[in-house]
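A short worksheet on the structure shown next.
Labels A, B, C and D are assigned to the chains in the order they are written; within every chain, residues are numbered from 1.
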Amino acid sequence: MRIKLFSVLAEKIGPTIELDLPETFTAQNILERIKSLHPDYEDVLDQSLVAVNEEYTNDEKISLESVDEIAIIPPVSGG
Amino acid sequence: MRIKLFSVLAEKIGPTIELDLPETFTAQNILERIKSLHPDYEDVLDQSLVAVNEEYTNDEKISLESVDEIAIIPPVSGG
Amino acid sequence: MSLVKIVDKPIDVDTLTKSLIHNEFGGVDIFLGNIRQYTDDIETEKIEYTTYKSMAEKEMQKLADIVLAKGMDVVMVHRVGELQLGDVAVFIGVSAPHRAEAFENCQMLIDQLKHTVPIWKKEYDKDKIRWGGLEE
Amino acid sequence: MSLVKIVDKPIDVDTLTKSLIHNEFGGVDIFLGNIRQYTDDIETEKIEYTTYKSMAEKEMQKLADIVLAKGMDVVMVHRVGELQLGDVAVFIGVSAPHRAEAFENCQMLIDQLKHTVPIWKKEYDKDKIRWGGLEE
């Protein structure tokens, strides 16, 4: 699954990152996987949220077949 | 002394009203004098303030020689 | 560039807005009061504003000075004369380093303007004429 | 005519402002956020905003819907791309029957936008580049 990255993560890692995902997983699982691939950005990832299908997720279990799009959302700073 | 009138008072009575004033007086004295001349507008005058030299007055004694201009200020309704 | 004024022509909202955007401030809050058609069941056709102009500008300046003293920028413009539905009667703008101050002071200015500035409205409503501010 | 949008061109403040003036409402509150030169001792030269556009517009619409459901009108426009000092980054406008609601809801919208809408700033400051929102 190709995960979208934004802001500092997109600039440092790239606009997307490819992850193999199991049938069910949590937002935390995804963040941990990216951290293990890019330990330099652990700090940013610890402050980031995960959006599935353009909605913020929290601790719920996510089923892969319900997913069209996943994105990592670093702390927002619009306005 | 020619007293300035505004809003409904100006429209009904005229833009000014001439009053003979003693050497010292209060805002209340002025309102009472106008009420006695125009009892129909007692209600509006009871809700009005008096400005001397473009400043609101309250209960203080006003000395005629300090006065350049007197105006009756009905309830304001700008905005 | 602070501006406090009573005008008898349409308020140039765009120019006033642009005058509030400064590099040194990050937030601008603007309040516009316009002529409303319905107030509950009362239908308004037009409003005539009159003023005791010299005193009104002084009272507006006193309010603006409170905000200017806090280091913000202020624009307060009120229009008088005959206004039609949709016309802008008042423009209040505050430019501040931080947005909370801009909101707070802009709201204070319009609230106080309605209490202390000698401007009066004569409301031409469909059923009758009403003088703003008067208790009937 | 509610409008919620992310744009990559200058925000047309005048047109958006005019779109909020309606006969049925008496008060409009508008917040403009512009690029500030100094934040304490830090001097900013420009800001680059990026966004997750489709999600950002959805999140902005969710906020706007709260206010629209109360019968007010709402405009929320955020600009992205490279912005210079003085450029308007965000326009939030609420048109309401009464002014207190306009102020309250406009402030709520900008406060919430800063919490939930996926837009990010990369601040080019004189001393270094800063990523908005990150705890260092």
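In this text, contacts are C-beta pairs under 8 Å (C-beta built on N, C-alpha and C of every residue); 3 or more make two chains touch, one makes a residue touch a chain.
It should be emphasised that the depicted structure is a prediction, and the values quoted were computed from it without experimental measurement.
Ranked by how far their CA centres sit from the centre of chain C, the chains are topped by A. Separating the CA-averaged centres of chain A and chain D is a span of 25 Å.
One finds 48 Å separating the Cα centroids of chain A and chain C.
Touching of two or more other chains is recorded for residues 33, 110 of chain C. Pairwise, the chains that touch each other are A-D, B-C, C-D. Interface residues of chain C facing chain B in the complex, by the touch rule stated above, are 33, 49-52, 54-56, 58, 78, 89-90, 110, 113-122, 131-135. Within the complex, the chain A residues that touch chain D are 4, 6-8, 10-11, 43-44, 47, 51, 54-56, 71, 73-79. Per the touch definition, chain C reaches chain D in the complex via residues 13-14, 17-18, 20-39, 85-86, 88, 97, 99-100, 102-103, 106-107, 110.
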